[in-house]
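In the two complexes below, chain A is the common chain; its partner is chain B in one and chain C in the other.
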Partner chain A sequence: MERYVCTGCSLLCDDIIVSSDGIYIDQVIGACLKGKERFDLVNSENRILNPLVRQNNILEKASWDLALDKTTELLKNAKNPLLYGFSTTSCEAQLRGLELASDINGFIDSNSSICQGKVLNETINAGITFSTITEIINKADLIILWGCNAAESIPRLLNKTLYSRGKFRITGREIKTLIIIDPVKNASFNTMGVRDIPLIIKPGKDLELIKALKENCCATEGTPPEGVAGLDKEDMRRLLQQLGGAEYGVIFVGQGLLTPLENSNLITELLELVNIINSKQQKGRISVMMMGGHYNMVGFDHVALSMYGKNGAIQFKDNHFTNTDDTLITKIQNEDFDCSLFIGTDPISHLPFSLSSKLVKKPIILIDNHKNASYEFANIVLPTAITGIECDGLAYRLDHIPIEVKKIINPPNKIPTDADLLTQIIQKIKSNR
Partner chain B sequence: MELYKFLPKTNCKRCGKPSCMAFALDLLKGKVKVDDCPPLVEEKKYSSNRETLKEMLGAEEGIEKELHIEVDEELCDGCGICVTICPVNARYCYSTLSGKAPDFPPDKHQLFQVKAGKCELLNLEHCRRLEAEGRERECRVCETYCPREAIKIVYI
Partner chain C sequence: MRTYLHKSFKKLSQTGDPKIKFLLNTVRLMENDQTKEYGLGDIDSLEEKLALTFLNPNDYESINPSKKPNLKISSKYGEVVVKVVEDENVHEGTILMPISIWSNQLTGVKGTKLIYKNISVDLEATEQKLDDFKSILKKIRGA
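Right after this comes the complex of A and B.
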């Protein structure tokens, strides 16, 4: 039985056993519920199989030629197009997307700019290294989940990191300590053993906790303050002991830490704390890890960084990269765009109403493989094959490791891949000029 | 474990079992009765314990029960923690040691496997609760560490 890569979430499990006759997928063994849903998408009711064009306010089936003509017309006439998405496409498609943006002088951004992209930038600035899953399996003895519910968002993450038995952690779960810091008692708390520390803090008090830890982590003796972020004194002491004594600790930075604050940046403060601990500690170190959701969110950061030195919010002018302070949010707020192209994402439902209502006013081109909220408002819908099942490509795992995803079956209706479709659009725009 | 608290804990071996723990386990499975423990019957200081034990077991005392591991398919999300954590899986399917999914078709000893996004119990015969000796028989790791509380070890 051959093992394939699952593209259900950012963990990119490479041990999924799929039995297939080349036309249909028969059995999926080893994948979690999220991965199984991904494989079920192939024959799902929500699958888009034909290109659609909105005429008289109704989405109607159209031929590929008509849909592509309309797309090129829309993009060519647009002065300031907005390209957004790319987190659920292969790196090849992301490269084509950047090429398209430079051709039509657009603004391109990926989901990571409103997700974990901030952590990557801050970490590079602070000089802290990321750890990899393999390193965690073999070395880690302290795992901290801060503001994330790993047991439900990335189901197999705890299985692979906490429960596995590595080279220097041969007893597995027994030698690894888990600390969860969260305002809500979520499903991850159920994996707690006797030695683990569950910390239910008051909502919005992460900054207070980080500042208290920064002050106290240097002090070897003495008692920590009482009542920081609603925590017990004894819990606080145990947390400090673990942070200072861990041989190899990992902090999983979840979405809970990305909430914007008025005066300070939670991520910067957290990374400063990690730096202080690493410089004080003699035998071990602590690293961080981004908990992204989309399977190739990190990929866009790497492709854009290698091409233009910036991992998101890239503006093109006269077919060249220009520096801009604009972000996706300010762009939409100021209505500084005249047409938008979404690839593999659903901003109409992800973004708040104040922003999505502005997106709807301008024409929308949607490139995706299944129906979503944006589908209902799109002017042109172009279907593509599912990467990892119907076409191959390169994707980056959440720990910045590139993994080649494989093709299992052929796409229905000869649907093109993301990269092929974008290449076609680029060629059409160039030939029309 | 609740039952063990009320036994004499002297390991006198008069009941024929190697320890009081073993007796407690057999008591739970219905293989022995409370009155099979001689000190509980003879010594006066244990009389209250004996009554508590009888109360706890109720009508089920002495009726032989079988081990069942129930997996709630509604709750399970296929994270595979049970596959990795199970000591029997670790002994026979080496790939589970590093958190990988075991081979397919499964080994004859393998207890759990994840299929179509749900955990599946393959065969119960090789469970530590039935095969191993001593403290290992009290193994409850799959039940303890399931984040969705989908696995239940019951005696019916």
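Right after this comes the complex of A and C.
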């Protein structure tokens, strides 16, 4: 039995006990449902075990040589390729992805650009008070879930941060307050105790609430009698009391706060609110943490930032980085691509119809370990090993801490890792020039 | 508590306008997770877990449908037919859908931003069969 890191979500729990002989996994102890599902993928019926090439509109099993030749041909002939995904791969694969994009003059982006990357972009102007999971465990007395359902998206987050006992929080859960701000009484509400504060706001009224908090920061006098955003005066009083009185508070931000508005940006408003609170506080502080779900979504931001000073939407021209205002959305919307390569993602399922229907018009190369909706449209499918189970790699936790994930067993059919496969494609493209 | 409704809707005949405006929010749920279904399930489980919407029981009553097993949801971005799950935790006037290829028939792009939350939708009880996975793929392919 040995301890491993789970790659089921961005929390990258490093306390998973796995019993294995190096060939099979016998037992996994301590993983949540999501983690368990990740391990179950190893022997899933939907696992892709061989390369596939579409011929006569049917995906047919192909040799690695044929599949790689077809991939190279497609990418080499493409004038404007689009590379997307990279949040469920290792940093090593992300680096290879950027290298490939540079070699073929492509546009590359990760899932982060439509998720937590949006927060990172806003921090350039507004700044951010950040925190780590360890700090939260040791110091936090206030945990706020705003527009996110931690119990279902990152299942052990509350176990680690709310129910834990830290250096300065020896009494654990008893001394910590949980506030949930959400229009939906989601599963996270079930974790709430007597001293916690459930705040069910009216849908789409987050901005109204943030603005009211900014105006009345640390004082309840300004709260109108009818309340704000569906919260009554007593709710507002308790919320302001907690925000102003916490020694160490953290706001976890979910997709609910990433919704675009006409003339405002919710994230900027929230970051400004946190700055106001922190400047008024004598001894306490509030920090903000993004809730990206994929296990290495943060990794791409770091790898891309360190290479090109930009965390996503990177365009290459003449094999060099070039500034562009294009985003993944504009590229697809304007059909400004002639083929796409998806790695560890399923944009046909997770993008709106207006975009997915445009993606399928151009050839698709899919690199993944299991079938999905994008598989149904792919021209070439290349299977890879499951990182953190069948291969090593570096990943960044949701609090931007790098963590090494380890290999437990060999992948079936000698399937390559994402990084190795991308390296092979790069070499093949270079040798064919 | 969520209850999968197999019974027929009631009172549709009493309503003047069968279409009612709601706000759609797409959400990530552990029990209705597309990654899990693609990875470990099959087409039946995919449709069972994802081709659905959660609706407040009071709204369910006010829609007044009768003998119509499914719900046609239309937004300015598209439409989809799914089944209904009654959930008292859903705000009245809103519906929830798990993030999936079904919910993404209703989401869209505004300018350069993706719209996944607070989408205005019309609901209409229908006898049409729900849009199965293959028909959604066909729709995407054919657009």
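Criterion: the second predicted complex is superposed on the first by the 421 of 433 C-alpha atoms of A that agree within 3 Å, B and C clash if a C-alpha of one lies under 4 Å from a C-alpha of the other, contacts with A are read in each partner's own complex, and residues count from 1 in each chain.
The working rule: a residue touches a chain if its C-beta (ideal position, glycine included) is under 8 Å from a C-beta of that chain, and two chains touch if they have at least 3 such contacts.
No experiment lies behind these values; they were computed from the predicted model shown.
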Point to revise | chain C versus chain B, contacts on chain A by residue | key: C
Exercise for review: Quick one: classify A:G30 as touching chain B (first), chain C (second), both or neither.
Suggested key: first
Check your understanding: Does chain B (first) or chain C (second) touch A:T268, or do both, or does neither?
Key -> neither
Check your understanding: Of the two partner chains, chain B (first) and chain C (second), which one does A:A187 touch, if any: first, second, both, or neither?
Key -> both
Check your understanding: So, does A:G293 touch the first partner chain B, the second partner chain C, both, or neither?
Key -> second
Review point. If you stack the two complexes on chain A, which partner ends up touching A:N105: first (chain B), second (chain C), both, or neither?
Key: neither
Review point. Is A:N80 in contact with chain B, with chain C, with both, or with neither (first, second, both, neither)?
Key: neither
Exercise for review: In the overlay, answer first, second, both or neither for which of chain B and chain C A:Q281 touches.
Suggested key: neither
Check your understanding: Counting only touches as set out at the top, which of chain B and chain C does A:E152 meet: first, second, both, neither?
Key -> both
Exercise for review: Tell me which partner A:I329 touches in the superposition: chain B (first), chain C (second), both or neither.
Suggested key: second
Point to revise | Shared contact residues on chain A - chain B and chain C | key: 33-34, 37, 151-152, 155, 187
**Study point:** Touching residues (chain side chain A, partner chain B) in the complex
**Key:** 1, 13, 15-17, 27-37, 137, 151-152, 155-156, 158-161, 163-166, 172-173, 187-188, 190-191, 193
**Study point:** Residue ranges of chain A touching chain C (in the complex, touch as defined)
**Key:** 33-34, 37, 40-41, 44-46, 114, 149, 151-153, 155, 183-187, 189, 200, 202-204, 255-256, 259-260, 293, 327, 329-330, 333, 346, 348-357, 360, 370-373, 376-377
Study note, to complete from the structure: In their shared complex, chain A is touched by residues of chain B numbered 76-81, 83-85, 90, 95, 97-104, 113-118, 144-149
Review point. Which part of chain C faces chain A closely enough to touch in the complex?
Key: 23, 25, 27-30, 34-36, 38-42, 77-78, 89-91, 93-94, 96, 99-101, 104-105, 107-118, 133, 137, 139-141, 143
